[in-house]
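To keep things simple, chains are lettered A, B, C and D as they appear, and every chain counts its residues starting from 1.
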Amino acid sequence: MPGTPPTRFVYLGPEGTFAEQALNSLPAAERGSRTPARSVPEALESVRAGEADAALVPLENSIGGAVGVTLDELAEGEPLVITREVILPVEFVLAARPGTALPHVRSVAAHPQASTQCRGWLRTHLPDAVVVDVLSNGAAAAGAAAGEYDAAICAPIGAGRHRLDVLADKIADHPDAVTRFALVSRPGPPPPPTGDDVTSLAVYIAHDRVGALLSVLMELAVRGVNMSRIESRPTGEALGRYVFFLDCAGHVADVRLGEALQGLRRVCADVRFLGSYPRQRFPGAGDRPIPAPAGLSDADYADAAAWLARLRAGDLN
Amino acid sequence: MPGTPPTRFVYLGPEGTFAEQALNSLPAAERGSRTPARSVPEALESVRAGEADAALVPLENSIGGAVGVTLDELAEGEPLVITREVILPVEFVLAARPGTALPHVRSVAAHPQASTQCRGWLRTHLPDAVVVDVLSNGAAAAGAAAGEYDAAICAPIGAGRHRLDVLADKIADHPDAVTRFALVSRPGPPPPPTGDDVTSLAVYIAHDRVGALLSVLMELAVRGVNMSRIESRPTGEALGRYVFFLDCAGHVADVRLGEALQGLRRVCADVRFLGSYPRQRFPGAGDRPIPAPAGLSDADYADAAAWLARLRAGDLN
Amino acid sequence: MPGTPPTRFVYLGPEGTFAEQALNSLPAAERGSRTPARSVPEALESVRAGEADAALVPLENSIGGAVGVTLDELAEGEPLVITREVILPVEFVLAARPGTALPHVRSVAAHPQASTQCRGWLRTHLPDAVVVDVLSNGAAAAGAAAGEYDAAICAPIGAGRHRLDVLADKIADHPDAVTRFALVSRPGPPPPPTGDDVTSLAVYIAHDRVGALLSVLMELAVRGVNMSRIESRPTGEALGRYVFFLDCAGHVADVRLGEALQGLRRVCADVRFLGSYPRQRFPGAGDRPIPAPAGLSDADYADAAAWLARLRAGDLN
Amino acid sequence: MPGTPPTRFVYLGPEGTFAEQALNSLPAAERGSRTPARSVPEALESVRAGEADAALVPLENSIGGAVGVTLDELAEGEPLVITREVILPVEFVLAARPGTALPHVRSVAAHPQASTQCRGWLRTHLPDAVVVDVLSNGAAAAGAAAGEYDAAICAPIGAGRHRLDVLADKIADHPDAVTRFALVSRPGPPPPPTGDDVTSLAVYIAHDRVGALLSVLMELAVRGVNMSRIESRPTGEALGRYVFFLDCAGHVADVRLGEALQGLRRVCADVRFLGSYPRQRFPGAGDRPIPAPAGLSDADYADAAAWLARLRAGDLN
C-alpha cells in the first residue's frame, strides 16, 4: 500500500555480499524480512509481483561503472522507483580457513571484478598464487570455506558468514572505491524533499546524437539543474541507439526540476522517471552540494513567478 | 481607467504625416480626439501625465530601421505598454502646387530619410533638381505649399492636407517598404490572446556580450519562442553597454512565453515588459505565422504539465 | 595604391562638426587634404570612386546609437574597409555671438539629437528659451553667427570656426557620452595585429531568428571570441529580415578569429568583412581588454594545433 | 615497425568464442599467428610489450553495452590505437553432444550474459531446464562436451570446435544483436581516410557535469561532427568523476574533425585519441552515413578557408 513503510525486503544475493551489508545499514530493514535473490531481475520481479516491498540492488561502482542489468531492468517493464540510495565503501578482504597463513596461499577464488580491483595487492603479496574466477564474492568465500581454494577475495560480511579468518583487509587498489545501491519499490508518492535530493531518469533520444543530447543538456542547463551522473546504454535495438540514465540534483517537487522535467518530456522520444530521494553524502567522497548558479536559486524562481503574475495582471510597477 | 477604451489620442506630428494616417486607420480613433505632438517624448509624456489615453508613435521602418527615440522612451521612465501595432506601407509622392509640371521642378524639399528612400527615382526623373533637407515630411509639404520649393516628397495625406497636386506617386525605391507604429498606453491588463500575438521586451544584459546574449537566446529557444525582431541600443552609460529590444511570438498569458519570460527575468540584469498585442499581418509582407517546432506546441506543453502532475502524485502509469 | 598611406581625406561635413574634429586628431590627416562631404553616402562614394583615399564617418554614438546610414553604406555596394577607429568625447557647448549673456538667450538652434542630449541642462538653465531644430551642429553655429538665433548648441570646434563665444561648456546630460568614427578606405591588406584589435563584420542570417542568431553566437563563443557590439539593421527587403553588425575582439590574422570567421561564413547566408584595426582605448570609458577564457588563449591554440599535428603523424606521446 | 602490417595477433579467448570468429574474418589474420589471451588486459599488454602486433578485443555489444574493461585499458597506460573495427552478428546456438535430443536437455551451461540474451527462447523451449552460470561461452561448450551439462549456449564456432551438434540456432531474443570488436595496435600513422571513417576518443571533463558536457557537444556540433556513440565510465577516483568515450564520424586527417579535436583539447581536462579507422557498415543494422548538415560539407570548409585567405590578403571581391 503506498505510504506504508516496506517490511519485506529482497537483495541481490547470495548471502554474505556487499548488497546484504548495504541492506543491513537501513534501520527499517533491521525490523523486516531480508531475502536474497539469485539475480537483479529476480529481485525486481519479486517487487513487481508484490511478493516483496522493496529490493536492494547495485546501481554503480566507482571502479566498474554502472551495473547494466539494474539499469536495463529499471528502464523496462512495469515502472519501479528508487526511494533511497545506499553508498558503501568497497572493502575487500583476503579470507581463508582458520590456520591458513598468507605464505601458504597458492590459489585464490575471486569474482573477476574483485580480482581486477585488487590486482596491485595480489601482484605484491601473492605474486605466485593462481587466481580462479568464480561467479560472485559470496561464491568465493563459500569455495574457500569448502576447501576448494586456499583463500577468497570477498566482503568482510562474507568472511564472517563463512567463518573464515581475515588474512588481510582493505586490499583494494583504490582505497576510496564505493558501490552505490538503490532501494527500489513499486510507484508511490516520492519521499518528501530534503533540500539535498537526487532525481533519477531514463531518457530516450532520437537518432542525431549530438543535436539530441545537446537539447537534453540545454533543458537542464537553462534551469540550473546539475547532473551528478550520466550513463548511456544501448536500447537493444541496434548499435547506436541509446537510453541515457541521468542523476539530477533536485526533487520532482521542486519548481526548477519540474520545469526541466517538462522540457525533457517535450524534446525527448521518451522519459521514464526513476525516483526522487535524499542524496546520501559519503564522508571523504569529495562530493559536496553545488550551489545554484546566479539567477537560478529558489528565491530567483519565486521572484520570477511573482513578477510574471504581476505582468499578467497588468501591474508593471 | 484600466479596461476603458482610449478616447484621447496623440500622435507624432505634425499633421499630414504617416503617423496621422496610421492613427486614422484605427476605428477607435475615428471616434476620439486626435492631437499631434511635437516629438515622440512629448507624445509619450502626455500619456504618462494622463493628458491623453494613448499615443501613436513610430517603432521601426523597414528601410531606416528602429526609431531610437521611441525605444529609448519606452525603456526608461514610468512604464508604458504597447496595446496595438499598425503597419503602414510607405507611399511617398512627389507633390507640388497646382499647375506645376514635372519638367519645371528645380527644387525638392524632403526629409533626409525620405529623399534617401527615393534616391533612385530622383536620379531618373529629376537628375538636375536640388534636394533641400527639411525636418519632416509635413514640413516639406508645407514648404512647397508656401512656394519656398517647387515640390515636396511627402505622404499622400500631406499632399491632400496642403492642397498640393500629386505629380508622381509610389516613388520610393523599395515598393514594399513599410513603417510600423505602436499604440502606447498606461499599464493595464493586456488585450486577450488571439493565437497570433507579439510580446515586446526591453532586455538588459551584463558585460560579456557573447555569453550573456547566448543565455537570452537559449531561454527563448528552449521554449520554442521565436523572435521576429531584435534591436540593440546603447544604454547611455558607455559604449559597449546595450539594451536589446525583442519582439517575441506569443502572449504573456501563454504558458510557453510565461516560462521564457521568467527565465529571462532570472538570467538578465533587467527585463522590461513592453506589452502583448495582436500581430498585424500585412498582405504581401511575406510574414506568416511560424508553427511551433516539434515538441513545443501548446498540446505538448499541456501533456508535459499533466505528466509532471502525475509524477508528483506518484502515478507512473 | 594598397599600402600607400592615404593623403586625400573626406569627412562628414559641414565644417565645424565633430567629424572634422575627429579627423584632425589623426596625425596623417594633418599632412593631407581634408574635404567635407554633404552626407555619409557622398563621403564613401568619393572613396569608392578614387577621388579620396579615406573617409571619416560616424559609426555610433553612446547616446543615439548606431548611425544607420553608415552601416547601410558599408554593407552594400563596392566593398570598403575600416582601417582605424576614432573615439571622441561628445562635448557640447552653448555658443553665441560675442556680447550675448546667458539670461538674454531666448532662442537656441540645435540638431534634434544634440538638444535631446542636453535636455536636462536646457531645462535648468534656459527653461523659457525656444529650441529650434536645424539639420546639423554646424548649421546651428552658422545660424547663431548669422543672427538668426540667439545661441547654438554645437561642438567646440564649431564655436571657434564661427567666432562665437562659449557661454557654457560640457552641457550634455551624460558627461561620458562619446561618438565613435571610422576611417574607411578601399580594400587592401589590413593594418598589422597589435594584440588589441577589433574586427567589424556585417552578417546576414536566415529567417528563423532565434536558431540562426544562436548559431552565429556559438561560432564565436566556441572560439572564445568576444563581441563588443552587435547592431541589427533591417535589410530593406521586408520587416523581420536583418543584417547584424558585429564588432569582435581580435584580428583577421589571428588563428582564433580566423576559425570563427570561417564558421560564420559556413553557417550564415552571407558575411561581409568590414576591417580589422587597432582598438582605441578611451580613458574613463571603462572598456578594458577582456582576457581570453580558460583554454582559449593563444597559447592554448598553439598547443592544440601542435597536438593535432602529432596525432596526424601517429605520434601519441 | 609502423606501417608494417601486423602478423602476430592475439584475441580475447578462450578459443571458440566470438572474438576468435571475428578475428578469422580479417584476411590479414588468416596469414598470421592467432593466440588466445586470458583477458582483455592480458591481450592489450602483449601488444604494449611488443609480443603481439595487434589484439582483437570486444568494444561493445548491442545488448550488454560497453565492455568496460576494454575501455578502461585503452584509456590508461601506454597509448594504443584502434586500426579496424569488426562487427559480428551475435548468433547463439544451443549445442549438445551428438545424440542429445532437445526434450532430454535438463541442464544448460551458459555465460550469464548469454542466457540473459536467450531468456525468451529458453522460457518457451526449455521451461524446465536448469541454467548453470559459467564464465565464458567457450567454457559452456567445453562443459557440455565433457558431459558436465546436457547442453550449452555458445557461438557457432564453439560448437564446431568442441564437436557438438547444434540443436537450435539463432536462439537470441534480439535477432539483430551484434558485437563490435576493435583491432588494437601500438601507435602509428592511422589508416588513410576512406570517406566513411570513425574516430574514437576518451574525453575527461571537469566537475560541473552539465556545463562541461555541453561544451564538449558544442565543439562537435559547431563543426557538424556527429557522434555515433557516447559512453561514460567512472574514472576510478570517486563517484561522479567520469571519462566519456566518444565515437565521432570522420577521420583525424579531415579538416572538420581536426578543428573539433583541437577544440576538445582546449576545453577538456584531457583528451586521448584512440584511433581513426574505416567504419564497417553492417547490413541490416540501419546504420547509414549521415550527410553533413547545410554549410558543413567538405566543400563548405574549402570555400571558407579560401575566403579567409583572400580576406587576409586584402582581397574582398
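Note that contacts are C-beta pairs under 8 Å (C-beta built on N, C-alpha and C of every residue); 3 or more make two chains touch, one makes a residue touch a chain.
Please read these numbers as outputs of a predicted model, since none were measured by experiment.
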Via touching chains, subunit B connects to subunit D in a minimum step count of 2
Chain-centre distance (mean CA atoms) for subunit A and subunit C, in whole Å, is 59
The distance between the C-alpha centres of subunit A and subunit B, rounded to whole Å, is 57
Subunit A and subunit D, separation of their C-alpha mean positions in angstrom:
26
Subunit D touches at least 2 other chains through residues 218, 221
In contact, pair by pair, are chains A-B, A-D, B-C, C-D
Listed in rising order, the residues of subunit C that touch subunit D in the complex are 2, 79, 81, 187-190, 218-219, 221-222, 252-253, 258-259, 261-263, 265-267, 273, 295-296, 300-301, 303-305, 307-308, 311-317
Subunit B-touching residues of subunit C, taken from the complex the two chains share
39, 41, 60-65, 68-69, 87, 112, 116, 133, 135, 174, 176-178, 180, 208-211, 213-214, 217-218, 220-221, 225-234, 236-240, 242, 282, 285-287, 290
